[in-house]
Structure formats: C-alpha cells, structure tokens
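All remarks here apply to the structure that follows.
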Amino acid sequence: MEISNASRAEVLTQALPYIKKYYGTTIVVKYGGNAMTNSELQKAVMSDIVLMSLVGINVVLVHGGGPEISDMLKKTGKESRFVNGMRYTDGETIDIVQMVLAGKVNKDLVKMLCAGGGKAIGLSGLDGGMLFAEKMIMGEDVGFVGEITEVNTGVITDVLDRGYIPVISTVAGGKDGAVYNINADIAAARIAAAMGAKKLILMTDIVGLLKDKDDASTLIPVVNVSDVNSLKTQGIISGGMIPKIDCCVEAVRRGVGRAHIIDGRIPHSILIELFSDEGIGTMFY
Amino acid sequence: MEISNASRAEVLTQALPYIKKYYGTTIVVKYGGNAMTNSELQKAVMSDIVLMSLVGINVVLVHGGGPEISDMLKKTGKESRFVNGMRYTDGETIDIVQMVLAGKVNKDLVKMLCAGGGKAIGLSGLDGGMLFAEKMIMGEDVGFVGEITEVNTGVITDVLDRGYIPVISTVAGGKDGAVYNINADIAAARIAAAMGAKKLILMTDIVGLLKDKDDASTLIPVVNVSDVNSLKTQGIISGGMIPKIDCCVEAVRRGVGRAHIIDGRIPHSILIELFSDEGIGTMFY
Amino acid sequence: MEISNASRAEVLTQALPYIKKYYGTTIVVKYGGNAMTNSELQKAVMSDIVLMSLVGINVVLVHGGGPEISDMLKKTGKESRFVNGMRYTDGETIDIVQMVLAGKVNKDLVKMLCAGGGKAIGLSGLDGGMLFAEKMIMGEDVGFVGEITEVNTGVITDVLDRGYIPVISTVAGGKDGAVYNINADIAAARIAAAMGAKKLILMTDIVGLLKDKDDASTLIPVVNVSDVNSLKTQGIISGGMIPKIDCCVEAVRRGVGRAHIIDGRIPHSILIELFSDEGIGTMFY
Amino acid sequence: MEISNASRAEVLTQALPYIKKYYGTTIVVKYGGNAMTNSELQKAVMSDIVLMSLVGINVVLVHGGGPEISDMLKKTGKESRFVNGMRYTDGETIDIVQMVLAGKVNKDLVKMLCAGGGKAIGLSGLDGGMLFAEKMIMGEDVGFVGEITEVNTGVITDVLDRGYIPVISTVAGGKDGAVYNINADIAAARIAAAMGAKKLILMTDIVGLLKDKDDASTLIPVVNVSDVNSLKTQGIISGGMIPKIDCCVEAVRRGVGRAHIIDGRIPHSILIELFSDEGIGTMFY
Amino acid sequence: MEISNASRAEVLTQALPYIKKYYGTTIVVKYGGNAMTNSELQKAVMSDIVLMSLVGINVVLVHGGGPEISDMLKKTGKESRFVNGMRYTDGETIDIVQMVLAGKVNKDLVKMLCAGGGKAIGLSGLDGGMLFAEKMIMGEDVGFVGEITEVNTGVITDVLDRGYIPVISTVAGGKDGAVYNINADIAAARIAAAMGAKKLILMTDIVGLLKDKDDASTLIPVVNVSDVNSLKTQGIISGGMIPKIDCCVEAVRRGVGRAHIIDGRIPHSILIELFSDEGIGTMFY
Amino acid sequence: MEISNASRAEVLTQALPYIKKYYGTTIVVKYGGNAMTNSELQKAVMSDIVLMSLVGINVVLVHGGGPEISDMLKKTGKESRFVNGMRYTDGETIDIVQMVLAGKVNKDLVKMLCAGGGKAIGLSGLDGGMLFAEKMIMGEDVGFVGEITEVNTGVITDVLDRGYIPVISTVAGGKDGAVYNINADIAAARIAAAMGAKKLILMTDIVGLLKDKDDASTLIPVVNVSDVNSLKTQGIISGGMIPKIDCCVEAVRRGVGRAHIIDGRIPHSILIELFSDEGIGTMFY
C-alpha cells in the first residue's frame, strides 16, 4: 500500500499518546525465534529497538541463540542433546554456548543496532557481575545449566544512563568459578523485575494464547496472572507455552507492570504492541 | 484511508532516519496564518510540536497574532491601521498588542501544548531580558514598532534544558523603558540565528516559492540564498513574499542550517517537512 | 533625612542577622492594592523583590490585577459585575482577565524587575501545568471563577533553580479545557503551602488587624491561627478582612511558617517586615 | 542618630545596585592595622565580611599580625628587629610567626566569622600548596623572609565553591623545605591577581593618598596606575605608603579590576567603599 | 634486607585484597607519641597517610602536640601543670595551646603531607564550626579544658570530597566565646563516630593491651568492647591505658567499625595494621 | 623468600611515588603470549590490572587470542593458515575469530577480573562503534583482515568514567557491513593514541630488545623512536620483533607518552615496570 506523506504524518501524530506513555520507562525485550533467524524480521526488530531508544524508552534487549549454538556444536562434531527441553550442557558445550551467545549473536546484534543509528553495548551476565547462578538441580543432570541466584542491575543502569542500548546474552557466573547457561526467557523476566520495568515483551513464534490452539481467531488478548492456574487446568495453557507464560507470571509477580507474549513472525510486532490500543498477542498483568 | 497497524508500524520505522537526524538539534518554528486561526490545523500543529519535543528535538515556538490583535482593537473601538505592511502602533495599541500576544495567544498555546502532553512555558521578549529593541525608523512613523538590537538566549536555553517547550510572543523591551511590537518572522529568524538552530520553519498561507505564482505545480523546492536577488529581479520573489524570504536569507546568513517556507494550510506540514526526503514548500540554504 | 555613608553601613550591618535568617528560604509575596497602582510604591516593591532575590531568598511574586481588568472591560464596553465580592466572569470576561493578568500586568512586572537588575520570568497557572481548577459552586453562578484542585510546583522550582524570580498571574486551566479566574490571595496561599514556604506575605491596603478598626494604634501584631475563630466571633475580624485572614490561616495550617498581612501603602513594607524584629502589620502563625 | 525602620529599608534599597554589581565577583580584603587591634573595629570588619559573603561576593580575607608576633616574641624573650621595614626572621622567629599567624590570629578570625553567622575556613600558604616562596635577597640578610614564586589558587577556589570564606595567613613553603614569612599586602595582591579578583582592598591606618599629607581634605580619590611614578617624583607618594601603593599597582598590572587603600580606622569602611558611589580612600585602576 | 623487584611486585599484589577492603571507606588516625617526635617515624607516618589517600581511603588525621606545647610554655616562662593527667589550662595557656597545635604542629604536618605528594588542608575544631565544647567539670578546676558538645562533620566532608586530607588540631569553640583544649584521643573518637568511620586508629607508645604488662609476648590482639569492664577489674587494663581504651570503647559504641591501639614506635605500623590479616596491636570491636 | 610485615609495609611505601605518578592517567596494556596461556601468569596479570585500577589508573586491557582461535578452528576441522604472519581469514574464520575473541577470551578475562575484585566490562571494536576498519590490501589476499580507519573512544571513556575496566577484543566493523580481524598490537597502539594514554605496554614472550638476541644481558632498556630505523639497518631489530616495535613507534609518534615491550613470562612484569625506576624490558619514547 502506497502511503502518502500526509498519511504518514497522521500516523506519527497518532503515535504521540503512546510515546508520551512510555517516555522514560524501562522495557525489556526478549528476542528470539523466527524474528532472529529471518533476516527481514531481524532488520525490522533492530529498527524497532533503535526507534524505542530514540523516543526516550530505556530499552534492554535480551537474546537467546539456540539455533546458532546447535549449528556451532554440529560444526565441532557435537550433537545437541535436550533433557526436558533444556540443552544438556557439558564443559565443552558451555564454552561453545558462551562463545556463540556473547561473541557472535550478541556482537552481531550490537553491530546492526549501531549501523542502524543506535548506540549499543553488548553485555553478558558476566560483565560487571550482572548475573550469578548455581547449578540447576533436576531429576536428570543437565550439566552447566544454571538457576539465577543474583541480578545486579548496576552495569545495565550505568550503560543506559550513558545513552546505550544494553544487549544481553544470558550466561552467568557461578560462585564456584563455572559459567552457566541460563534460559533467556527466565533471565529477561528476572532482569525486568530487578529493573522495575514497565513491560516485559517476549517475542515468540506463536500468535499468543489461544483458546483453541488451532484457531488464531480465539486469541485471549488479556490474562490476569491469577487466572493462569485455571487456564493450565483447562489445558488452554499447555506444552511449550507453559515455561514462557510462567516467565510472564513471575515477572508480573515481581513487580513488572505488564508482560507480553507477542508474535515475532509479524514485522514490527513490538511497535504494534507499543503503539496501538489493542496491542498484539497476549498481555499478562 | 484506513491504515492497518502493520502499516502504521512501517511508517514509524520509516521515520527513524529523520528522528536520528534531528535528535538533540534546535528547530525554531514560526507559527501563524491559517494554521493558527483554523482550529483543526491548530490542533495538528500542537501535536506536531509535542511530538518533536518527545523525539528529542529542542523545539522553539514563535508565534504572531495579527488577527487576534485586530479583533481586540476593534472591541475597544480602535481601528487597525497599517503602514507599509506594518501595524501603526500607538501607545494604546502596544498595550493591546502585548496583552493579546503575551496574555491570550501565548497562554492559549501553552495550555494546548500542556493538555496535549507537552511541557510548555510561555515567554515574551520581556522575560529574562530575551529581546531588546529600538524604535524602527522609517519614512512614516509607525509608533512602537521595534527593530531588534539584542537577543539573549539564556532564558530560552534554561527552559529547554529543563525539558520545556518555550512558546515566545514577540514583544521586546526598549532601553528607553518602552515596549515594542516586533515582526514575528523577523524575531523567529533572529532567535534561530542566536540559538544556532539547525532549521527555521516559517508557516505561511502559500505553497512555497512558485515560478508561476498561479501554478502550484511550478514550486521551487530548493533555493540557494545567493540566488535570491536574481529571483527578485525576475519578479519570481515579489510582494508579500519578500519580507518572509528576506527572513530566511537573514537566518541562513547568520548561521541557521536551513530555512523553510512551508504551507501551514496543509495538516502536519511540519512533520511532512521533517520526516520526508522531499519535504514540503521551499527550502533556503 | 540625610543619612551619612557611615550610618548606611551601620544599617546594612544591622540587616545581617535577618539576611542570614532568610538565606535559602522560600517567601511568597502576594502583590496587589495601592502598592500596585501607585507608581512610586510599585518601584519600591520591585526593588524590594530584587533585593530579596540577590540576598539569597527564593522569592515568588504572585499578583492580582483587579483595577486593570475593570479598565480593560470598560474599554471594550463591558461593565464589571461582582457577586459576593467575586467578579462575575463570563466567557468574554475570562478572556480579558487572562489577557490583562498574564499579558499586561505580569509582563510589565517582569520588565520592571529585569530593568531593576533582577532575572524574572512571567508565569501563569497555565504554564507547565502549574494550577488546575474547577468551577466554583456558589449560590449564584459567577461564571469562570475557579477553585484550585491541583498545584504543581515543578515549573516554579525549575525557574527558581535557574536563578529567576517567578512572577505568577493566577489564571488556571480546567480539566474541561476552560480557563478559570482564581483569587490571587488564595492562589498565593496554596502556592506557598505547596512550596513549603517559610513565609507568605499579603500586601494589602490596611495597617493590619486592628482591635478597633478605626484606631491604627490598636494593631494586633501577632495572632495564633487557633484564635482566629474567636476573633471573628468578637467582630474584630470582619468584612473584607475575612477572606484575607482565611488565606493566612489556610497557609499556616498547610505548613507555611508564618503568614503576614502588611500595609502595602508604606514604602518598602516588605523589607521592614523582613529586616526588623518588630516587623509590620499582623503575623499569623 | 536614631534611624527609623522606614529609613533602614530605604538604605537597603539604595544598596541594591551595588549588591548587583558585586554579585558573584571575587574581592580580596587585606586586613590589618587598627581595624585588627581595636576590638570594636574588628567586630565591624567581621560583620562586613559575613555580609559580603551572604550577598553573593566571593570574599577572601588575607590578614597580617605584626603586633601579635612582636608580643609573642617578647614573651619568649626575643626582641623584634626590623631591616628596611622587614622583620628580621631567624629560625626561632619564623616558628613564632607561623604559630601566631596561622594558629592564633587566623583561627581567632575564623571563630569570630563563624560566630557571626559566616562559614569560614582558616588557611595558610602551606595548605593545599597555596603559596611557594624563596628567600628574599636584599643588601642585608633578613632571614626567612620570602618572595612569592608560585600562587596555586586551587585550595581557595575549592573552599569558596563549597560556600566558605577563606581566611589566609601569609606564610609560604619553600622548595627547600623551609617556611617563609611573606608580607601580607604583597601576598594579598598576588592572590587577588591569581584569582582574577574584581577588587583588592587594603585596610590601612591612613585616610588614603593625600596631596598634602597633613591635610585630610586633600585626598586623591582616584589614581591611574600610570601616574604613580610621577606622584612618587613629586613626593606625594612617599615613606611607608610606597610599598602599599606598589602592591596596588602590581595587582592592577596583573589584572585586578581596582585596588583600594581605605581607612580601616573608620567603622565599616569596607561597606562604605563597596556600597557608595564616592567610596572611601584612594582607588587605583 | 634487599628485596628484589619481583618480590616487591608480589608484595603489592598481596596488598590488593586489603586495598579493595578499605576502598572508599573513612579511617580516622589519631597521631601522637613517639611517632610524632621522632623524625624518621614521622616521615614514615606521613608517607603512610598519603598512600592511604591515594589508594582511595578517606583518611582523617587528628593530632595532639603535648611536648610542643610544653616546650613553648617553657620558652614563655610558664610551667606545664597537670591535674589528673590533664594539662591545667589558664587563659595564657589556652592561647599557647591553640597557637602551637593549630599554627605550628598542624601546618608542619600539612606541609610534610603536601611535600610528600598528598593534598592536605589543616583544620582546627574552630574551622567551619566543626567542634563545640563546654568547660569540663571536675573535682579540681583545670581551666579551659573542654568536653565536646557538638561535632559538625560538614567541613571535614567538604574537604574530603574535594580530595584533600583533613589534618585536625583539637581545640574547640565554646558557645561562651572561649576556646577549649580537647583531648585529641577523645576528639578522634568522636569525629570517627560522627563520620561513621570504618576504623579508628590510635597511635600510642605501647605494644597494645598486654596480659602481663611486662611481657610483650602476652599481647591480646582482639577485645570485644563488652569485655573491657572485666579486663579493668582484673587489672589488665590499668593506668594510662584506661582513657585510651575508653576512647576505643566509646568509638565502637557510637558505631565505628573497629578501634585499634597500635604501636607508633614501629615504622609503618598503620600500613601493617591495614595490610595484613593479623594486624598489629589490639583491636576493639 | 619470607617477607616480614615490616618489610611489606616498607615496600608499599616505596611504591608511593609511582602511585602518585600514574594517578588518574590512562595506561593501555596489550595482553597476550605466555602471560595469557599460562594460568599462573594469567592470575598474576589479572591481579596487576585490578591493582592498577584501584590505585587510580585508568587501565584499558586489550587482548589477542591466537592460540584459542587456532584451537577452535581445529575443532571445526579448519586449519590455520598464515600469510606474512597474518592469519588468512575467510568468512567462516572471521566468525570463529569474533566468537572466540569477543565471546570466550574476552568474557573469561572479565569474569576473572570481577572475581578478583575489579569492575570490568568486555567490549569489542563493534560495541558503541569503537573501531572501524577496511580490508587490508596486500600482495596476497588475506581475507577479512582489517586496517583501522576510525577509533571512537567514547564508549571506552564512558565505561572508565563509571569505574569499569574496559577489556577489549580487537574485531572491527567495516562500513561495508563486514567484520574484520585486527592485529591486537596495532589496535592497542591506536587506542592508546586516541585516548592520549601516558603509556602503552605490550606484553610479549621476549626479554626486550637485545643487542645480541642470544644474550639477555645485552638488553637495550631505552630507545628513542628516532633511532629505530638505524637499529633495523643494524639488524638489531629484526624478524617478529619488527611489527611490535613499529606499534611502539606509531604509538609514540601519535602522542602516547611511553611505549614498552615487556617480558610477560615474568610474573607481575607490569607492576615491576610501573613501580620501579629501572622498569623492565625496553621503553620507547
């Protein structure tokens, strides 16, 4: 659709109340899924993040990188193995995880943001002692998969104060000297909580929470976190969605204003969420 | 035209390079004409100004108020009299001018900007000793019409630093204790120069500079200020356009990056100018 | 009386303890009455205000402008009408009120303060969203006369911090978009309270509170606000004095250190109040 | 003379233009002579200094202490010996000089200023490495009498910035580890120059520069420093006055706005100088 | 012992954990005894203090000066008289005390610190109104010996903030205008408490608290302040040690982290205390 | 060698003049070679860096990582190939280089510094647009090996200002969107120059510049950069030493105070260089 300059101006004008609403607030975006692997979508997300930063939002970008890790493991002749949805992470694997997340994915995002006019710094949970973790204890050993024990927001705040967009890869240091792989959704939720963020936005590859998972028209746009248990009992929240929604619940319980599951496959889904009344995906409050 | 949320997001994204370009710069807007008398246009301008402020532009709004002055004079039984396009301003008239500009027009604009989510302060050339003037000497006496002798930007900078949009009515103090009426176009040009502004935007009731003044399709989009004299000789710059274009030339000569004559009758013409490559109206550089 | 330089120095020296006492504190002066209409007195007040500012007092000047409003109304052929001491304010009148107060009286004061070496900015209740009001509900409709619902001191503090003397005209915005005329005494009391001022000084055309209203020698110099009701019962506080004293009581009740009713007809009555032990007029605490 | 409150207010008002003139400027006062030994005069000077500080002047107080030094020497059984007007300062003497100036005179002044509502800190040329000196070379050896080689204003500026009145005793350190006695007039002139002071005020026991030294009515109120040599030739500047006036000349030559020789025997002579047009004593420019 | 550069580097490295531990904390050192009269020890202390300052410790140096006072009194023909260990201080004596402490001892220390690369300012309890005292009431009159009634740390904090080492001589002002001599140990304890210091270090001429006062090998390295009374009963704390240990107890009770009695006769005993686990002398907590 | 606490204190004291000398200055350390692969040496370097930071040096750590890159390449089945001493860097290799340097080596160093009490942030040349490069043009194509075209120190200064130790891996962005591998010695030299560093320290696996390369006793401790050409002609500077010494020359030519080649195989060689007069290795000035 060709849009005239007049209409463009009109659209900018209509964004005004939303810009005012988020001015000076902190929003944590968990970036992953298709939005990260598809290069068109990736460009759109980068541009959304820079825009958020320029209109005065303290945006914090937390990213995963599962496919890139699996690729690299394969190149070194190791196979990815998952236990209860968690990557089994032996000593060699955690090295690859750290390398790929903090060295490749993270810095590539930083490069794109800078190229797109943003000021970005790539951080990991190790920088400035941001994230500490201990070994996650489960039925089956999953190796260097960690559970967050401490979130120090000092380094995030310091770089935000100087006008940078912090881009965070979620490996954490252990008091035992080891490095731990942290689930990026959980890390994003904990960082959002520790920052007192107004919003946590999880980019996923689903439309949102659906009453009937095969019918996109049954989207549940708004969920009170106190209704989540009942939705689980009803089987509406199930499968791979459970951990993501648990992150949303945890974030809200720890004081984040709103947590959102949005469809990262739609270009500019973040902007649509932020700059319209109806938003996109499912919001937890 | 109904615009989808996706298209809206696309439009915002396309605004990004322009937002980056103007981030942290100073832009002086001279507000007047139809854009001020038509309430729909007025709303649009107010919203444009707040938007500029929120995306990090140091916007300074300078306004006139001729029709409101004439109205008030009529109410008090005085007739407006013009000499060479300048309002003859006797002692009673200058009181009315000051009152209407600084008390009515200025504060109404401030109120609208605040209601629209901006932080605005109304200033006159008297506040903080911003503008000083002396009596303009012409063939025929025009009374308290002044020529600027001094521009002190301290008060403008102070309020910008604290995040306010300064709204300025152009009466100035004389070292003789009198108050002088200052042409708002000229005042805007001088303030833009003193502030080292990136842009001066004059809102007018014309399309811009036309080769054939009866054919809007002959718009001259860009003029080098060194060509202005020749354009006058050719009669392309003529009549009421001369003083406005002289303001543009003066501003550019005194160091303002660009000066624009834009069509205030088009809604959001400021945004169209700022957020598109082709811009609107005529640009002087 | 001719005063020698030696005596002058002595006088300055004796002012020292008072200067120390008020250094860095906030004092709100309500300016009105004869002190405003008589040009000699006016000059004296302006000089007192600049002096207060230079010796380190955060002085806030709140002004009325009844006579100037009546004059202007008359010029436009409207008559001033008062209901229970309040100006009946229809739509045309509120425009005139705003214009005269914020455009004429306010800016003339600013000009005089600047000419006298002060740094002043003229504000109205509309600037920076300082004052909000709603329609005052009385037996008889008085039009756009407002009751303050909200005082935002941000804009006052911002300009004080930058070294300006804020000069305030008391029109307020309504959430309904209307502008309301606010009694200047009440506005001064509310602003003093919101600022946590050390003193509120109301300049009036009376000597102070007199036991026998016809005998200036019966001045009551100090009144505990808890005694005001009994003084009303005794008829000592009566007539036009009631609303002024109610302002003093309200200010003190809301945390202002001291409230004073002083005689604005005496030159430099503010300085006499501030720089002597016995003060002038009546003090409420 | 009994002065009414009204006249007092009038006097304060008349001080206004002078307060404005000196607001934020640096004035160095050299304190000595009768003004220091007479306790009434001393009180008056202390109060003048505090007043200067409160009305926004960066006042720096440099003091001598000859009589106190002589007294202390006498108590320890040493006699004061002078060579060409300079105290012969052997090793024992320099200890007494340092002790009396920096420990007694200086701290007593600090105590009085604090008691009088000022915030004062006592410094010597040794504190923060303010003054460095080397042995003064003359025909006859005068021991530890020093010539200033370096003035570091950092410590003075640091305490002024924090709102303190620096009180300075003029002993200096030598690169050789010795302590040197510095003439206080000279030190004051050099400090004034290094601070870029607006004024240097030397308090003396004379009326000022007189055409006829026996006739106080022949005071020369203003002297251009380029005329000093000719005044010496004429014998108008002679005797003990020469070094003081040389200090004034040096201060002005090094960039101090004005240097003054005032009569410290007159109470509040500093205020009279600062707060009147005619001033007091002789001004060098 | 010749130490190789490699060993030197090793030693610096081993100091690292201690440097980290004290970085940004406040440590008050009471300087006196042999460490002050022996010039080798004095040099060592000065260098320790500068080192502490450079590695980020807010070090405050409080000094006595008994021997220097006695010397000066003798020079003026007065004899030192002590009552219960306190110097009988008549009017002449307090002058000498002030002079010697604030003028000689204090400034000599400042000079040495500056020469050694530190930035130091000499203060007394009179500067900035730091210490106020009243006459100490005892069985026998001791003259101008004072008990602290008020500690204002503003001036200490101000100079620390600007990077200076405050050097403090312990004379205090009385509300009665007199100057009082304050025991330096007590003053140090009170200043440490008022500053919320991490440590108070008293330099003495003893090894520390000994179980058998004639056997240095019976040193008690650590004492809980609640055990002090019992140690007094047992006679382990006795004689001249009592007031020093009472200072330690008072400091700890008022919130100082640790108080230490160290042996000032050992070169660099402060550094040994700070930069080793076992420390030196006796620590009270 | 057992060192007593007294000797330790002595050593700290002797470090004082050096601490003063470097306080507040910027020192860039290029970290590589044995000091990086040997874990004992690595620990020593980390502790030296933290110590430098705590004693007030703005230390910037630039690191290489050749062996780690070769290891990782081998794991993925690629062989390291070198052209004229430069790693041939195809598209797959540059990914591995970025990953290993910015993700593994860099973050491991950050983790160790934080564990050792430092505050560190890991940066690459991509963060905050620090380093830009273009393809290095040589006789033979070496792929994504870059030559620095732009050094932006903003991000380094920002993190230093907030008290962090910046740890930098030397990959740079190209204006063409590619990532380039940058020689770490060269990058360190250019960063040192852009920061106006006082010192550049290159940690190597040689003793320094030797007259006879087989005899360590022929060390040349100091070289004027103008003598480097003649030393090359004489064959004293030759082989692998040439590029390192060229870096030193370039750094000094661009304004770095001193450049050092030190022997990283000696524990704490950085401290030995900084905290002794004779230093270690070869210094270029």
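The chains carry the letters A, B, C, D, E and F, assigned in the order they are written, with residues numbered from 1 in each.
Basically, a residue touches a chain if its C-beta (ideal position, glycine included) is under 8 Å from a C-beta of that chain, and two chains touch if they have at least 3 such contacts.
Just so we're clear, the structure is a prediction, and the values are computed from it rather than from any experiment.
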| request: Figure out the least number of contact steps between chain B and chain E, where 1 means they touch directly. | output: 3
| note | The assertion on chain B/chain C checks that the Cα superposition rotation, as a multiple of 5 degrees, is 180
| task | Average the CA atoms of each chain to get its centre, and name the chain whose centre is farthest from that of chain C. | result | F
| request: Please identify which chain has its centre, taken as the mean of its CA atoms, farthest from the centre of chain B. | output: E
| Rounded to the nearest whole Å, what is the centre-to-centre distance of chain A and chain D, using the mean of the C-alpha atoms as each centre? | 68
| said: Roughly how far is chain C from chain D, centre to centre by C-alpha average, rounded to an integer in Å? | reply: 45
| From the C-alpha centre of chain B to that of chain D, how far is it in Å? | 56
| So which bits of chain C are touching at least two other chains? | none
| query | If each chain is a dot and touching chains are joined, what shape do you get: line, ring, star, complete or other? | reply | ring
| message | Starting from chain E and heading to chain F first, what is the chain order around the ring? | response | E, F, A, B, C, D
| field | chain A-touching residues of chain F, taken from the complex the two chains share | value | 72, 75-77, 95, 98-104, 106-107, 110-111, 114-115, 119-124, 126-129, 155, 158-159, 162, 164, 171, 173, 177, 179
| said: Taking the touch rule as given, give the residues of chain C at its contact with chain D in the complex, in rising order. | reply: 1, 3, 5-17, 19-20, 23, 44, 47-48, 50-51, 54-56, 116-117, 266-269, 271-272, 275-276, 278, 280
